[in-house]
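Working notes, structure below.
Chain nomenclature is as follows: A, B, C and D, assigned in order of appearance, with residue numbering initiated at 1 for each chain independently.
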Amino acid sequence: MESIRLVSREYKPEDTVVTVGNVKIGGGHRAYIAGPCSVEDEGQILEIAELISDCAHILRGGAFKPRTSPYSFQGLGEEGLRLLVKAGSSFGLPVVTEVLSEAEVELAAAHVDMLQIGARNMQNYALLKKVGAQSKPVLLKRGFAATMEELLLSAEYILAAGNSQVVLCERGIRTFSGSLTRFTLDLSAVPILKQLTHLPVIVDPSHGTGRWNLVEPLAKAALAVGADGVMVEVHSHPQEALSDGPQSLKPDKFRALAAELNALAQFLDGRSGGI
Amino acid sequence: MESIRLVSREYKPEDTVVTVGNVKIGGGHRAYIAGPCSVEDEGQILEIAELISDCAHILRGGAFKPRTSPYSFQGLGEEGLRLLVKAGSSFGLPVVTEVLSEAEVELAAAHVDMLQIGARNMQNYALLKKVGAQSKPVLLKRGFAATMEELLLSAEYILAAGNSQVVLCERGIRTFSGSLTRFTLDLSAVPILKQLTHLPVIVDPSHGTGRWNLVEPLAKAALAVGADGVMVEVHSHPQEALSDGPQSLKPDKFRALAAELNALAQFLDGRSGGI
Amino acid sequence: MESIRLVSREYKPEDTVVTVGNVKIGGGHRAYIAGPCSVEDEGQILEIAELISDCAHILRGGAFKPRTSPYSFQGLGEEGLRLLVKAGSSFGLPVVTEVLSEAEVELAAAHVDMLQIGARNMQNYALLKKVGAQSKPVLLKRGFAATMEELLLSAEYILAAGNSQVVLCERGIRTFSGSLTRFTLDLSAVPILKQLTHLPVIVDPSHGTGRWNLVEPLAKAALAVGADGVMVEVHSHPQEALSDGPQSLKPDKFRALAAELNALAQFLDGRSGGI
Amino acid sequence: MESIRLVSREYKPEDTVVTVGNVKIGGGHRAYIAGPCSVEDEGQILEIAELISDCAHILRGGAFKPRTSPYSFQGLGEEGLRLLVKAGSSFGLPVVTEVLSEAEVELAAAHVDMLQIGARNMQNYALLKKVGAQSKPVLLKRGFAATMEELLLSAEYILAAGNSQVVLCERGIRTFSGSLTRFTLDLSAVPILKQLTHLPVIVDPSHGTGRWNLVEPLAKAALAVGADGVMVEVHSHPQEALSDGPQSLKPDKFRALAAELNALAQFLDGRSGGI
């Protein structure tokens, strides 16, 4: 793939380690990012943060929400940012949130520990350049019809703008799959990306499947295939969530999942490095 | 499709007619939008505008270019806008150009006759809201993995923000099609959309196929299937184009195509309205 | 495309004309194939045949039905063949039917004028070799996830087995399209195929969309894009059809469609050969 | 999914265990099926069988090959069957081979321990009925554009014909993935299928990726996601293989992979049953 430069393994053979607050991702460090799809109110985000604080590494929560319909809940905006940061600092978790607009980037970067570019904005080049000019790490989600090359070139925009702290995230691609899953999680993307780039690669099995009861097996598969972490939606009352309830785990399910993933990670680390 | 409101046929049964300069699209009016992928220099855009001025209705040309790679030609920016407007006014053609960034919208809206949202930005909601707040008509291209509902809801963002002058554009979807075409042009989208919405629908067979020698048959098929117009890339020297050369028609080919389309449109108008 | 031989334009530059009974397809001859999805009983097939006999060229009707579920109606089998042939000969129409099994091929070939290979069997090589050994023309439908090259190589199996009377049929591909259409009709396949092969290419807008009210616009688009004919499902009582009712036209709708297609074909023949 | 009956968990809640020779698959038993794409000659198949005999459970090898082109190597036919059986019995491995034609089924069933239906024939209903009438277990591969429901209904054909010893196999679906992988391995299919059906489900990471260096991570992910085994192509001299060389592991690589999978399986069995 000749078109990539700064993100390529040829340019930098050793794994990049991205640091989010006090959490490392990549180069053998795995991280679990967890939290609700949207920050809904102070009680909600504090409750979730407390319940997952000893098993998640980074707290996620949307303040600015990209919604297909203009009439859906669009997030709490700046107030959502404030609540997310409060919840993270209360329980010792760095926080990540999505930015949708160039106008929000600097505000968000002033408060949170990591900026997320969502799948729908993977090729929003103005936004990529803007987050590339910040000093906070970036979580770049793969567009749901983006090739490996397109994902890497979007990351290249960020590195070319001066920010080399980028984590890639596979979150499912759009196929003929139909009604049983919203998307098809493309786990082969993980080893392919890790051959091509030095950047860490994580997997989002919540968006990637759209069904909470598929999150556990696919999170485990993500670690087994070589991912540097997972991003999981957690909500105390999924049936009342303002967005993405059907794919959210309850906190106790997430705690159990984290324990399973920790054991699997320990097992994988005990094996030698591949055949 | 319950989720759409302002764009739906239920809300407004009669066809919307969008007016771009002195050109009408929709409600029985068909328009041909033509011009180069990118404005490259004054001579280039003036030459093309002159050669197509009596057979195209609207001149297109990119000043801000969404490029997969940060190292590809990114467009002339504001200078490109100026040259496009000069070419259009020199030969009596209204002009359309793509905007990529919220920061560019007001500048572009001050100069051109129609703002284009490209496929990659179809779900860039900040940008949709911004063009929705302008008084210029908008050409909204379908994302290459967007469903009909998603396209209509993106248009709904624009109408909900106050701008009801929106033209939809099918430009090919991403499938397994492989190396013979870049995308699969989805012509069934045209009658489906026209059943669901009152907005005009046009087709871009240049991006939709990626090969100049498929543009003619698919442009004719687009009119036959009921489209309100076509958008075609035209370049005097396709092999030297800074972007999208392989899918561009030379001006004389476009002139011949326009004559074919005019004849076909006249034939179609002479038939009664469907079976 | 180096891998094709006998089917390629390089091997045989002039269009192949396939003859089905007294009907020609290809080389400027267009044909309309119409009839019910399944032959259901004598009254049904005779009624339909009579109603379309002066506007269709070939009568279709399934005797052996490929059904996704083993519990769905599987066709009348040999009795269906007999009824189809009776209906065709009663009203002067040659007939085509699908074969699913090697064991049925010789029986069917003894009775009908054309053998159809369905989309699900496009890569059933044993069946391709078997129809290649018959003296009846073959209608080969594109598999719903087959590339152009795979379709042409499946035709190559038939020609290599000795039968050069093959018509290709685009019938929709499987994409993310979702609930509004069963498949995405790929009309760009028509000009691509006609550049690569000398064989005739027709389009099936009934299976290609799954909705009767999309059949007319896409049938017209098929002729405009250069197809050598269309294949349309017709049923006198679609709501009672044992299979594929929602995509079937009533006979009077088909008669109106045929009149539209005749006028369009006359228009197209009056234009010179492309830009 | 109302349309499935005999294959459904509702009909039979407990896992089906399929027995191939002395090997069990399902209900907690995992199996590794390995061997070359095609049986090429006696030395080749005996060498591979010997080298993998203590780490594979079932030997695979194609005697009848479904090839896209009629001019590609089509397999050794009956002689290939004889050599495969000889290799299996020499080293204590039951054998599986693909059948393409109804005419081959009884011959193959007389010799081998398991019959395979390939992806291209997943909806070849005549063939499904024929293998359903045999007393040998069946390995049914998912068509590369087949939904879960279609795969299960194809299995339903086999069970309805009297044969309940069926193993399902995910082998990659066709998406826009492009040049980096031939297919997209859909690992979410595994837990979905295991919720819907009592039949065992295995994964083929060789066809599913098309690249030997992706086989290991995806085989491990397959076990982690809950598969009852894997099917892996192994060839002593991949660069000289008559088919599928680029996706084949050398025997020593397969041996190392089997050791990794054994350790992972032991780890997984030691954990409690899910969150």
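Everything that follows uses one rule, which is that a residue touches a chain if its C-beta (ideal position, glycine included) is under 8 Å from a C-beta of that chain, and two chains touch if they have at least 3 such contacts.
The structure presented is a predicted model; accordingly, all values stated were derived computationally and were not measured.
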Expressed as a multiple of 5 degrees between 0 and 180, the CA superposition of subunit A onto subunit B rotates by 180
Using C-alpha centroids, which chain lies at the maximum separation from subunit C?
A
Contact-richer chain pair (by C-beta pairs counted) among A-C and B-C
B-C
Chain-centre distance (mean CA atoms) for subunit B and subunit C, in whole Å, is 34
Need the CA-centroid distance for the pair subunit A / subunit C, whole Å please.
48
In subunit A, which residues are in touch with two or more of the other chains?
145, 174-176, 178
Specify the contact topology among the chains shown, as one of line, ring, star, complete or other.
complete
So, in the complex, the side of subunit A touching subunit C is made of residues 174-176, 178
If we count contacts the way the header does, which residues on subunit B are in touch with subunit C in the complex?
145, 147-148, 173, 175-178, 180-181, 184-188, 190-192, 195, 208-209, 213-214, 216-218, 220-226, 253, 256-257, 260, 263-264, 267, 271, 274-275
In the complex, the residues of subunit C that touch subunit D are 3, 5, 66-71, 100-103, 120-121, 123-127, 143-145, 149-150, 153, 156-157, 160-161, 174
